[in-house]
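Just below sit the structures, each encoded as structure tokens.
In the two assemblies presented below, subunit A is common to both, partnered first by subunit B and then by subunit C.
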Partner chain A sequence: MFDFNHSNLDENGNPGAEIVSRIHDRFGNFPVHVQKPDLIRLNVPQTDIIPLLSWLRTETPFVQLTHLTAIDWLEEDEFELVYLITAPSLCISLMVCIRVNREKAEAESVFNLWLQAETYEQELHEMFGIHFPGSPRQGVPFILEGWQDMPPMRRDFDTVEYCNRTHPERPGREHHDSRIYVGRKFGEKGYLK
Partner chain B sequence: MSVFDYNTQPGFDLISETPNAGTTVDPKEVQLWFGPQHPGITGNMSVQLWMEGDSIKRGITHVGYLHRGFEKLMERRKFIQSFPIVCRMCVAEPDTTEYLLASSLEELSGLDKEVPEKAQWLRTLIMEMSRLQVTLMVLGGQVGTMGMGTAPNWTYTLRDFLLDSFEELTGGRVYHMYIAYGGVRRDLTKGFAQRLEATLDLIEERLPYLDDLILNSAVFQARTKGVSVVPTEWADEIGITGPTLRAMGVASDVRRDYPYLKYPELDFDICTAEGSDIYARTKVRRDEISQSIHIIRQILQMMPHEGAYCAKLPNMLTWTIPAGMTYTRAESSRGEMGFVMVTDGSDKIRRVHLRGPSYTNAVTILERMLPGMNIADLSATMVSLQTCPPEIER
Partner chain C sequence: MRKFDPDRPWDLTTLPTTMAPKGSKPHAPTDDRCFLGAGDVPAAPKLQEAVATIKNWFRASSLNVLAFGTGCGAIELRPLSTSRFDMSRFGISGAPSPRQANVFIISGYLSTKTLKRVIRSYEQMPNPKWVVALGSCTINGGMYWDSYNTIKVLDLYMPVDVYITGCMPRPEALIAGFDYLMQDIKKGEANGWHHYLENLEWYRDNQKKVITDWDLPNYSW
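Moving on, here comes the complex of A and B:
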């Protein structure tokens, strides 16, 4: 693990500058956006994601996977995968983003780096249809058991159309007045007068 | 190692949950569904167990009984319409998700710089009150899973007094919708501080009796010490936070590590314990009750009595937020809770995803702890991990 210490700070006192320069030295100049002092966003090519995350996990203080999520950019025909990697000792998080093709939505699993990634990847597979080859829970139902339709968190999934198709409105009874309904059903003609 | 290695034993097909053709099933093995209708389960979820006697051989967490598609709903609604949705993401503790929604969108819109001083104090107050009432509930639930009925009655009564304060402040006992964009919805009512102080005094007075019933009880100690130990090496591998991490002796707390609201101005300790077992996690929660009371008293003393409690807001029907992406976090009673929030310049959220501690606690950690566990300890383990199904499924 390299010597990462608080003595190497930027002009605002943020240790994030050092990790960004190390990443640039090692992997090339990715676009970087400092959202706030403890949150830095990196946009990385898909081919670099596993080498970068492996390096962060094994040789830097960024040892925790806090979150893994996806965003559907339907207009650009891409999914954006967001890996939120945290350094507990520095109290900084990196938001590492990659873009994957929407038609062939597939990304490498990070299960070998972080155990809990299996559940995140299982949910993303179920909700967005993104495939993570080698992830142990791929294909095992999680939240949607027996789901046959398009993955529901995709932007082009029409919730209203799905509900109308799957749960059509029943004809209902003719009268809403319960007195008339009961009277007709049980023949109490006195109520119908 | 995946938990599914436990299931890939000869002859078992995980997806169809049936033995493969030509294989024999261990005649001593019994399959048992723990939940979703079971008094020991922590909400609408179930654990599928493979048992040998009263010992668990392996198990899988099943969720899906409570999925409401909240994140999808929020993508189709205006920003102001999301508040009645987010508070239901975690039923017991709605204020954390309300704060996360408000603060993340305020950050992306630039409104965060305009939140008045008093509103920040009021937000801190309700967040800490929320942590306190949940911790009381879980402390009672912890001993309730072991058949000890007195302490839960006491803690639930004390929590109910706190819910009276929530009702007075927000109008609701469970779902508050108190935090709004730019601040909070209303100011403190007259005499509220005195009534809340009286409730805190009552809780504090009862704590020694609760200690005798729970932490000092020989029965409780025998049932919890050395039981369901979470190995410390899982902390980074699984991303453990909150009381589960602090019970390993790690002083980690979002309120201290990633300061937000008025927590940097408040004096409080991060409660830790050693052992990483059910007893240690219960002890952390017991100590956090004292710390929450201490924090709330400081807030009532330090907060300004005058001033605005909400910023001037744009028209909520036409409000648009520039494109951006952020992650906002807060310390809930279970650990780090956060929102990944994405906007695209329109009047609706592009994507929101909740990061909750129950997600890892109820699935990744619990499934790995099950092999070898006695079934009588399962409920206590789940409560000690504070598994919360509404937060897993959303």
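Moving on, here comes the complex of A and C:
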């Protein structure tokens, strides 16, 4: 176990310099972006994610998976998976980001490292359609029940069109801006007052 | 049931209990006539009317609200039930189980997943029962009008007796809504539950359109 502590500061006073240099020594020069003194972003190739996370989990204070989520980069045809790994003893977090192909959305499961990843991966499978082979409860309904459309958090899912198709409006409703109705009843001035 | 005897008008066992004030639909089938359309036995009309009025007065004065908060509006029920706005002044109290409740407050937005549980709870409540829809989400979707998993128009899926507008309505608005509900019950006009049983197929069709994994029974309790 490395000796991480707050005395290992870089010249800017950031406590994360130690872990970044360790990762660079071991895994190569990933692009690093220090977003805040205690939040460091790493862009990692997809093949390196499991060795990196295993090493963080077993040999460094970064033992906690705080969050696992996805970002849909529709224009680049990619999903970005963000693993937020926290060191509770140092109060530093690492945002480890990988890119996966959007058409064949598949990533390796980290269920073996953190049991709670099971729930995150189940949700990502349901909301984004990202498949994690080997993770339990893949495809088991989590939040949505009886969902028959495409995963709703994908950006090409047209929410308004789906909503208008599934949930009818009350007859007589013309617009969704309440300013029009209020203005019609009280006058625009009365609304602005 | 015995036939009505004009010599013994005090004998209430001879009265058809489905009688309600003039112009309203029958209320609360009880005893041996638990099913719709049964038992329109002619009896002394004035006495029936009087009994129905008394019954409706009792019903209006003992409302039991089901403890089921569907959306953010449930936060308004806490001040309503506790000392500041004290709803027990009006004879309104809470009920933990649908079997003991007769008022269902749909408090705010309703996702399709919750709608299924709401229907299940609503159908387990004994008749007569009333639905109070709270907030603009139940009327036209409110701020969730473009959400993929919340319904917009509540009365396609359940009968609604009182709508309370606002986002959020304050507890005073809820009390005003309950006041309307009580007046309607006393007049015998709050018959949404009856409408639900009469048009069950229409409601079921609408419910099945949004609840795609339908596993509720097709009958109603």
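Worth a mention:
Just so we're on the same page, the second predicted complex is superposed on the first by the 164 of 193 C-alpha atoms of A that agree within 3 Å, B and C clash if a C-alpha of one lies under 4 Å from a C-alpha of the other, contacts with A are read in each partner's own complex, and residues count from 1 in each chain.
The definition used in the following text is that contacts are C-beta pairs under 8 Å (C-beta built on N, C-alpha and C of every residue); 3 or more make two chains touch, one makes a residue touch a chain.
These numbers come from a predicted model, not from an experiment.
In the superposition on chain A, contact of A:Thr66 is made with subunit B only, not with subunit C. By the touch criterion stated above, A:Pro152 is placed in contact with subunit B and with subunit C alike. Once the two complexes are overlaid on the shared chain, A:Arg170 sits against subunit C while remaining clear of subunit B. Of the two partner chains placed by the overlay, neither subunit B nor subunit C lies in contact with A:Lys185.
Of the two partner chains placed around the shared chain by superposition, subunit C is the only one that A:Tyr162 touches, whereas subunit B remains out of contact. Comparing subunit B with subunit C, more residues of subunit A are touched by B.
Of the two partner chains, both subunit B and subunit C are touched by A:Leu144. Touch criterion met: A:Glu118 reaches subunit B, while subunit C stays clear of it.
By the touch criterion stated above, A:Pro136 is placed in contact with subunit B alone, subunit C being left untouched. Shared contact residues of subunit A with subunit B and subunit C: 143-145, 152, 157, 159. Against subunit A, in their complex, subunit C makes its touches with residues 112-113, 116, 139-141, 145-153, 156, 209-214.
On the subunit A side of its complex with subunit B, the touching residues are 35-36, 38-39, 41, 63-67, 69, 71-72, 82, 84, 86, 88, 91, 93, 95, 111, 114-116, 118-119, 136-137, 139-145, 152-153, 155, 157, 159. Residues 143-148, 152, 157, 159-160, 162-163, 166-170, 173, 176 of subunit A touch subunit C in their complex. Of all the residues in subunit B, the ones that touch subunit A in their complex are 1-4, 14-15, 63-64, 67, 69, 71-72, 75-76, 107, 234, 236-239, 252, 257-258, 324-327, 336, 338, 340, 342, 350-351, 353, 355, 359-360, 363-364, 368, 393.
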